[in-house]
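Below is the structure I would like to discuss, written out as structure tokens.
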Amino acid sequence: MHTSEMIHTNPTPSPIPPDRLAACIEACFDCAQACEACADACLGEPETTPLLRCIRLNRDCADICATTGRVLSRLLHHEMGVFKAQLEACQLACEVCAAECAEHAEMHEHCRVCAEACRRCANECRDLLTGPGIGMPSIQHTPPADWHHINRED
Amino acid sequence: MHTSEMIHTNPTPSPIPPDRLAACIEACFDCAQACEACADACLGEPETTPLLRCIRLNRDCADICATTGRVLSRLLHHEMGVFKAQLEACQLACEVCAAECAEHAEMHEHCRVCAEACRRCANECRDLLTGPGIGMPSIQHTPPADWHHINRED
Amino acid sequence: MHTSEMIHTNPTPSPIPPDRLAACIEACFDCAQACEACADACLGEPETTPLLRCIRLNRDCADICATTGRVLSRLLHHEMGVFKAQLEACQLACEVCAAECAEHAEMHEHCRVCAEACRRCANECRDLLTGPGIGMPSIQHTPPADWHHINRED
Amino acid sequence: MHTSEMIHTNPTPSPIPPDRLAACIEACFDCAQACEACADACLGEPETTPLLRCIRLNRDCADICATTGRVLSRLLHHEMGVFKAQLEACQLACEVCAAECAEHAEMHEHCRVCAEACRRCANECRDLLTGPGIGMPSIQHTPPADWHHINRED
């Protein structure tokens, strides 16, 4: 992707370290694609009933990541409160979707790959929310119970 | 719009009173359209410099409202935390955009109309967040200083 | 929706009669919502297998209508070729989805309502493509075989 | 991005060679990001008036590419006509935006980078439309006059 180049050629300076911002934007677009594809893959499985919650969360996560990636791509007159609130929604959507996909990871490879994309995006959002330029987030979402376990498997 | 009919014909019952949910979904799509159109109208004004912040907030608000309208349109296996976080981001984006548009309302009719669409959407989001089915929101965004004043003008 | 007001307050004149443009934009947003909701409703039915094609087409149609509604909402420096190509994609997506939903209309009320929203949007797109301001479309998509039949039932 | 992995783990086989499909999907998401960022960068320049057409085309192109990337990410029950019509709209939007950005490439680095992302995406769309799995497109959009010249500079 051309994300870094676009940030560095923008006349408006980034309020966040450019490499961290680029990593988060790219993780958002990657996760949007993976979630869209995972919902489609789930629908093509012989047994869709156990995957219905996964499909639903995939679709929310795809929409939320796509919007977050766009909002983060704009530097001019950024509004820190909106930035943060959207990042928080994105982090949570990714965490919840990662946890659900992880439940099906042994059975379905697409869920394993999608969980990976979701976790990376959740991590990038958290890094932005807690790192330089934004500071501590106003709310701390409690990650799903198996979250740290999932992370350790990486 | 066919929103109410779609909710009432969905086999999954709405976790939120259907008329309140339909009102919020329609306000989201309406606000997405108004913000998209307001950004375009601002770009067509002879003097765009004083409108740059308005354009930026319009674009964020359009994206966030469109995503929120989609997430709210899904009833199956809804995840209340994601619902709430996205509604909170949407309420804030609408409040901030309404306040900015209101600054230009006397000069530009499109900003006046757009501020109206933003306020309605912010109000619908707040009603869902504080009403039956969701309960009190986890965070209380402080509305912009002139917010109540704007509301009183309605 | 505030669509008409937004068109009339835009400093850039519409290349298309404003009431026809507003009707098409609103049909796009309505159809995007209905398709999103219909996909969700289908996923909540006891038997999803016969609805898989419907779900897929709903999701394409929702995305395409949402984008078309946004593109049409912009008047400044509109590019007629892009306008037309996106309208053609939208008309076709709506026709195909309307025909599929109509297949399930007797069994599922949400498919009946969604088919109605799709047909209206397809009709509005065709009216723009063939009406004043755009003229005859460059390609004539052949509507699905049962299309006129469906229309006659309205 | 995880695009290739998602295609290869999908139980539904791709109607298009997977590496070509993945390249096109990634080009769509990349172009959506670059166009969003270029519109923002243009708005931050001291002189925005000569960039208004660029901003407008950037925004259309961002929306159309994002939708095309999503539609292409779905393999189950794909509808070739909708696929093609959306790809054609995407190719055209990218060509037109590439040509406009190229006009400003010497003055603004972000326009140079964005033109590159647009051209790559236009090329990937054309390759899909004319390659195995889809065949010849139903319409041949005439690229802007300076298109081949731009391409030769690569």
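Order as written gives the chain letters A, B, C and D; numbering starts at 1 within each chain.
Basically, a contact is a pair of C-beta atoms (placed from the backbone, for glycine too) under 8 Å apart; a residue touches a chain by one contact, two chains touch by 3 or more.
This structure is a prediction, so every number in the text was calculated from the model and none was measured.
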| note | Listing by label each chain that touches chain B and chain C gives A, D
| task | By the contact definition above, name the pair with the higher C-beta contact count: B-D or A-B. | result | A-B
| query | Just how much do you need to spin chain C so its Cα atoms sit on those of chain D, in degrees to the nearest 5? | reply | 180
| note | chain A to chain B, mean C-alpha position gap in Å, rounds to 22
| CA centroid of chain B to CA centroid of chain D, Å | 30
| message | Please output the residue numbers of chain B that touch at least 2 other chains, ranges allowed. | response | 40, 43, 52, 56, 59, 66, 70, 74, 76
| field | In the complex, chain C residues that touch chain D | value | 52-53, 56-57, 59-60, 63-64, 66-67, 70-71, 74, 76-79, 81-82, 85-86, 88-89, 92-93, 96, 138-139, 141
| Across the complex, what residues on chain B touch chain C? | 1-3, 5-7, 9-12, 25-26, 29-30, 32-34, 36-38, 40-41, 43-45, 62, 66, 69-70, 73-76, 108-110, 112-114, 116-117
| task | Show which residues of chain C lie in contact with chain A when the two form their complex. | result | 40, 43, 48-49, 52, 55-56, 59
